[in-house]
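Each remark here refers to the structure printed beneath this line.
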Amino acid sequence: MVKHVRVAAFGEVMMRLQVPGYQLLSQAGSLDYSFSGTGVNVGSALASFGYDASLITRLPGNALGDAAAASLRKLGLSTADVIRGGSSLGMYFLESGFGARPSRVTYAGRQASSFNTAPDDAYDYAMLAAGIDVVHFCGITLAMNDAVRRHMLELAAAVKAKGGTVVFDCNYRPGHWGEDGYTKAKPYYERMLRLADIVMMNERDAMCILGMPTTKTDRLEQLTELIPQAACRFGIAVIAGTHRTINSGNTHTLQGFLYKHEAFSFSDQLTFAVYDRIGAGDAFASGIIHGELASFEAERTVRFAAAAAMLAHTVAGDTPMSSENEILHAMTNANGDVIR
Amino acid sequence: MVKHVRVAAFGEVMMRLQVPGYQLLSQAGSLDYSFSGTGVNVGSALASFGYDASLITRLPGNALGDAAAASLRKLGLSTADVIRGGSSLGMYFLESGFGARPSRVTYAGRQASSFNTAPDDAYDYAMLAAGIDVVHFCGITLAMNDAVRRHMLELAAAVKAKGGTVVFDCNYRPGHWGEDGYTKAKPYYERMLRLADIVMMNERDAMCILGMPTTKTDRLEQLTELIPQAACRFGIAVIAGTHRTINSGNTHTLQGFLYKHEAFSFSDQLTFAVYDRIGAGDAFASGIIHGELASFEAERTVRFAAAAAMLAHTVAGDTPMSSENEILHAMTNANGDVIR
Amino acid sequence: MVKHVRVAAFGEVMMRLQVPGYQLLSQAGSLDYSFSGTGVNVGSALASFGYDASLITRLPGNALGDAAAASLRKLGLSTADVIRGGSSLGMYFLESGFGARPSRVTYAGRQASSFNTAPDDAYDYAMLAAGIDVVHFCGITLAMNDAVRRHMLELAAAVKAKGGTVVFDCNYRPGHWGEDGYTKAKPYYERMLRLADIVMMNERDAMCILGMPTTKTDRLEQLTELIPQAACRFGIAVIAGTHRTINSGNTHTLQGFLYKHEAFSFSDQLTFAVYDRIGAGDAFASGIIHGELASFEAERTVRFAAAAAMLAHTVAGDTPMSSENEILHAMTNANGDVIR
Amino acid sequence: MVKHVRVAAFGEVMMRLQVPGYQLLSQAGSLDYSFSGTGVNVGSALASFGYDASLITRLPGNALGDAAAASLRKLGLSTADVIRGGSSLGMYFLESGFGARPSRVTYAGRQASSFNTAPDDAYDYAMLAAGIDVVHFCGITLAMNDAVRRHMLELAAAVKAKGGTVVFDCNYRPGHWGEDGYTKAKPYYERMLRLADIVMMNERDAMCILGMPTTKTDRLEQLTELIPQAACRFGIAVIAGTHRTINSGNTHTLQGFLYKHEAFSFSDQLTFAVYDRIGAGDAFASGIIHGELASFEAERTVRFAAAAAMLAHTVAGDTPMSSENEILHAMTNANGDVIR
Amino acid sequence: MVKHVRVAAFGEVMMRLQVPGYQLLSQAGSLDYSFSGTGVNVGSALASFGYDASLITRLPGNALGDAAAASLRKLGLSTADVIRGGSSLGMYFLESGFGARPSRVTYAGRQASSFNTAPDDAYDYAMLAAGIDVVHFCGITLAMNDAVRRHMLELAAAVKAKGGTVVFDCNYRPGHWGEDGYTKAKPYYERMLRLADIVMMNERDAMCILGMPTTKTDRLEQLTELIPQAACRFGIAVIAGTHRTINSGNTHTLQGFLYKHEAFSFSDQLTFAVYDRIGAGDAFASGIIHGELASFEAERTVRFAAAAAMLAHTVAGDTPMSSENEILHAMTNANGDVIR
Amino acid sequence: MVKHVRVAAFGEVMMRLQVPGYQLLSQAGSLDYSFSGTGVNVGSALASFGYDASLITRLPGNALGDAAAASLRKLGLSTADVIRGGSSLGMYFLESGFGARPSRVTYAGRQASSFNTAPDDAYDYAMLAAGIDVVHFCGITLAMNDAVRRHMLELAAAVKAKGGTVVFDCNYRPGHWGEDGYTKAKPYYERMLRLADIVMMNERDAMCILGMPTTKTDRLEQLTELIPQAACRFGIAVIAGTHRTINSGNTHTLQGFLYKHEAFSFSDQLTFAVYDRIGAGDAFASGIIHGELASFEAERTVRFAAAAAMLAHTVAGDTPMSSENEILHAMTNANGDVIR
């Protein structure tokens, strides 16, 4: 176990409000709630791998904020860096799909959340950076507003400046950027990529956000052409990501890749039954980060990350819940009987 | 959207009492309840497509009737034509099957329901017909008793007389007719078919209920031989229906057909995971009716109806809940990622 | 413990479908179900006191009947005398009241139940009587129809003939008898009272059903005048019953009486918080029967029965669940701390 | 029954998210949800009394809005005047108190709701007014923002102009107006009061919002001094309201008053167990409106309204669910046994 | 139906505490509980096939024991042979797996259970044996402690001595025996096998527990070599068992075998969707026992047992719930539509 | 807020398994679970008051232990001092009483828990003491076994030795000590009292456990005579406790006392509705500890502690959930309206 590496994630805590079972919001009368977010998910997974993990965020100073903070602690995250203020959380309502009917997410109140309305002096970047070895950021945060973007970039710069490692997950969400989203997003992504040491991205990010040209049409050929260029242009040590195929019958196929030291490593193509797809990308990212921090061989890292992602599809909620041992077990044992 | 066409359905409201999850009635302690029925399902789907939809039925004048009426309104149905009287609802208990274990329905109290004990003067056929452009009937109602059959045939005749469109879904249920059921049912079905403009039936109905002979053994050949004969004999403009195959592993395969202007149109064979099979036929019927009323091309109508039926298998409860946009989307996109 | 006395109850099994918490049927979406009935409640309580207890009834031969039978066994009742046939159970929907809003019961499908449609040769009275020392009947059964009344009176006569004890609880329900109910009911009640050794009744039954005159206006004076007359007229060894007052704030006050050997015994007036009022009268009856069979002093019997009734108001469901020790404990300890 | 009076309410639909039972948001994992609001509650109650009731509001064009609209229909409200647009609903989280621990409401996302962000041309006041006989407004709406206040005052003026009746419930909420709230609120309240025919207010509103002076210290004396002055100053035909006392042990005491034709009428002081206090004031208002429209005697009106309010405390959810018959019954029968 | 054969099972009643849905114990807040155990499962299945079935066990004399006893009765088991004493039940917590994530069982408090701490004189072997025609034992019980092993062997010997049939299911659980488990287990298994007439075992039991050598590597070849040797060495009339393969996508493949009169019979290889795998082996055993007692042909017995096992995978809980008719139906109909 | 005082509690984590609502274990099918214990409750309350709070205990190294640890973190407790080992947790099943029916607790598996089977070298007393300013112990732990008692006394001595404060709550539970319990308990209690600075006890502890004689019969007179003697004999700086009366109608009356500097302070007699009585004593203790650490006046301390205890009766679960502000508010406001 790799201990005493201090990992932090900067990001919004979302309240997930899920219609139970497979009902619609207009059919049901109750909702299951939990608190998640990219930072929560990655940080919590790293905490379960043995790291000191902390979340840097802003929560409302009311019962909603109390519930969110309690939930973060339960997930193993330190709340010492959580600021309290404002009155609201970003929320999303989830209606689970089944087979031919896709899952549906309805966002509510995100711009007015305590995190997205944090005042200019909300965070003491230097003090935070002093307590961080590795910090994780997510592209969704870039889509919010100028103030949050500024906090994000300043904190990334502060950690970089004092020698820490910056992780950035591109995580581009078209719905959040609106029309001409790629054009709006590009400059911010470029700034973050220049600060980042470990990046989650794939060929679509390279083409769409960064506008990198290619004549290739095959996804894998695009990947192997563009990712090395991106790593080179922005000085990124490690780039990792996944290719996902959605099959009929509630199964997905996933393959992870890792580009490092001018070489690609790939996981097997994993095909598996899907219970809860949301947050699986964060499980992959946490696996990559752990592999890097624990100095796994590149191939082991990407296989570990892919297995972590696979298991995250089988767990309820956004946040990965599998231990390192369970992931290692799943790397070799595809289908097991009851464990007694 | 096609508005201001006034659609009505005549039929019983059933109380569905479902054992949650996959337990049996002798294992569980609670039931999820909702109110459905062929008329409810078809009318509600048409309301969601933009029609003024009303249910013609009789509900008890007590808390059960209040709950049923509230539920109809929630589904978008007008309750202006609902009569209150009697004291009971037809009910069915549903134990959901899993894989090799089929679902099991246990009916209770159907003959004593307010609908099936409506007095002779319960409905003012002429007044009702005056407010109806299209009316939907179901063969299950024919199986109940003489009084209900009389109401059904009189109302159909009244709508026909004033120039409205009559839809009839054969929906033959062996368990309701008992021994020698086909023989008992035949005269009533023939009367309804003569009044009907749009009919849901397939080759089995033609052979078993109507006693139409064929030397063919293949299901599709039987269909293409008998359906045109039936359309001709009873003067039916449109006949539509489905062929269903139940596969192992909780998936079904479905293909829709539409016979009109002396030609058949077919949907693709759709194979999909099944969550709740009950009521899916009503989704198909609502798709056919919508296609006809909105003057879709025949092939588009049957493909729309088949996609509506497919989606209805993925939704909780008997009543279809998919919007026109969702059905159109499913006609081209078989398996989708989370919609955010 | 008094063992090897064979007690049987004859009566309908009802399916209780309760809206959870304090919602109405038009607000909720699920129901808690259980199986009860006067015979079930009295028999189950006597089983818990150590008697061999059996229910004589008719249950449907389907999943509803299977669930009911399993529930009877769980309550300690033998199902050896249960006949299977017909297809339906009597049901009642319960919306729990709160304070100023009374609880509301909606019956459904009672006349069509397997019990109330038992054919003439359904029960072998002589064979049943041979296995019974004490048999319990309830006035609600008298309200159903001629066939059931006949079964009830024949069985009572058969038990009486072979020297067994007949218990009869008047339990008059105005809603079941309809207009002129008392007049309709009187002859049947008189026949049952002539067969009965132990009877649950009070002064209202004497005045309203039996038409016994009194010039008294005070409830207690009416009781002490009429009950001895009734005991004398019908040759009843033991008559017992309760006076109930419904207070504001979800509490009731209850006093039990017992008339035997030409003398009255009374319990204290018990005032207690009420959780579930239905079935509490059956707990009282079971306490009287136990006291008589176990040869308690009259005062102890009525105090035991009153405490049993009080506890039954604090237990979920119709069926009493308190053990003899818990009732004895409650006779002296009104309010207790947590029992660890 | 008073039919074909067209009643409308203008107001926000709130999503109520209630922690089940008596848990806190930081303890539980699920929420029961429903859709309410002053307009919803008053309109729904009037619909149950037999009026044609409609809600004028703006709902988001997504799954949240669909669920809210379905819920309005279930409550008997027409959604023909509901505009769809924006993306969010006002929400409130409810943690139910018990005894010494008060209930706690946490609002979220109210300013960003579809209703509170309706554009200037959202509503066609004249067209709406043409279809309204009586319209209901609530002071909470006045606290939102300038745009909503303008919609509210314009619609009130339009209804007034064409001869309709305007109902206004002062419903001042300190938390929504913030510091110096009374000063900010006064001018808007004065404008609404001048347009209103029926007003819900009490002496505290007169003193605090309107700044009316009194030397009296007793609540009742203040009331009888100030309410006639307010009625006179603003030309209000009917003023009604309640005095509430919160007792220990989960009971409240309530007395209603009605001032009309220069005379006061009072209900009895009702003391009752409280299950769900929210929305009870709207039940009172609906009782007053019904009494006025149905031309009850003043005393009957206020007794009806107080009984409606009492029952609303015993019903789950914000929205009153009692029928006219149940309220009339509760006016005379304080505590009843099970209704079978 | 085969009646009046008195079947008994000797074994521990476990309290199963299952996390609902697919959550983990660290995510959820409630547990579904039921009472099971090999003896419970086999006995209950045999009761549903029409045998008089009884459980011989020891339950705590408190609320846990009361709940367990009520549950046994509900499952059709007689509790006449249940002893009450001690204070605890063996428990297991079940977190249901999904796809690539296996189910996880966590045992608690098993050694301290009332069953496993039964005193030396707890059971009257001779009296028990006098009332038993067939008795069932399970290898899990052998793993507990010396006292329980002694009870088990004495009871088996007593039944054998008076001419009854002894059934033994090897059911070796590595986790219960600990290090060198096979060596520890061997002498006890050998003693039981010598007493047994019908045995559930397969080639792995023969090799691992009994140490029988083979040069074969194929599972089927090992089976056909070793099972006849075992039958011969221990004088076992019937040996049966299954080969299971766990596939991806939540399906299993199962084939049953039966060795009797020096010949093997095999069922088809059944592949089916799995809902709840636990207890399916007991359903197989109950099918074998029924086939033997009802004198089925060997092939019919093994096909019946395999179908019973298949259905048990589709039912919630450990205990098989399928009737004989449902199993016979499943032997021929793999996938069925809703049964109405 | 008083921060950076390091508080620790030593004690067992219990799994509370509560039957939902007011059902019995033999009626229900699900259980709500949470993790509590005297140390958990006191520590968590102190964490919410702003202290650094840690639990010293031993949890199993499996899913049960993971869930318990997650729960402790959620409650604000540090798990840095939690040892993992063994395989089981102490459990208790709770059936909630109602009115005349008392709540019932059934313990299971307590002696075999990881805490009660901690090996001799499980805790490093000196290292733990170095990080503790105040440590809390409970008399229940004394009742377990020699090994645990030794751990407890050694840790108390180590904290005392390095100048920390020792808190001891007598919390005598007759059921845990068995016959002659007081005699067995006395020497251990005396040892703990000599080490303790702050003690929760009352006159019954003094009389029964310590055998202190008195001629008084009034509870209050016994208290004022004996508590000063106990303080003197064992050198205890602060002794506090409560007198509780259980009223009918689900209310309790509670009065707190505090003896310090040779003087008594008393809270008011508080009477309040009770929702969940378990753990309320721990809320009182946490209030006393906070008052002492924050240097409240004695009377304020005891009033704060009594209000904390009162609120704890209104909160679901064993663990107090009220913030310091809520307790301060409840000290003056007995019954409040909804807080919005």
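Letters are used for the chains, namely A, B, C, D, E and F, taken in the order the chains are written, and counting of residues starts over at 1 for each.
Everything that follows uses one rule, which is that a residue touches a chain if its C-beta (ideal position, glycine included) is under 8 Å from a C-beta of that chain, and two chains touch if they have at least 3 such contacts.
None of the values given here were measured: they were computed from a predicted structure.
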| item | value |
| --- | --- |
| Shortest path length from chain C to chain D (each step joins two touching chains) | 1 |
| Chain whose average C-alpha position is farthest from chain B's own | F |
| Self-contact between copies chain B and chain E, residue sets same or different by half | different |
| Centre-to-centre distance between chain F and chain C (centres being mean Cα positions), rounded to whole Å | 46 |
| Chain A and chain F: spacing of chain centres that average the CA atoms, whole Å | 42 |
| Junction residues of chain B - those touching two or more other chains | 24, 26, 29, 70-71, 74, 104, 107, 249 |
| Parts of chain C lying in touch with chain D, wherever the complex brings them together | 21-24, 26-27, 97-105, 107, 173, 175, 244, 246-250, 277-278 |
| In the complex, chain F residues that touch chain D | 74, 249, 251, 271-275, 310-311, 313-317, 321-322, 326, 330, 334-340 |
| Touching residues (chain side chain B, partner chain C) in the complex | 17, 20, 24-26, 29-34, 62-64, 66-67, 70-71, 87-89, 91, 93, 95, 104, 106-109, 111-112 |
| Residues of chain C touching chain E in the complex | 70-71, 73-76 |
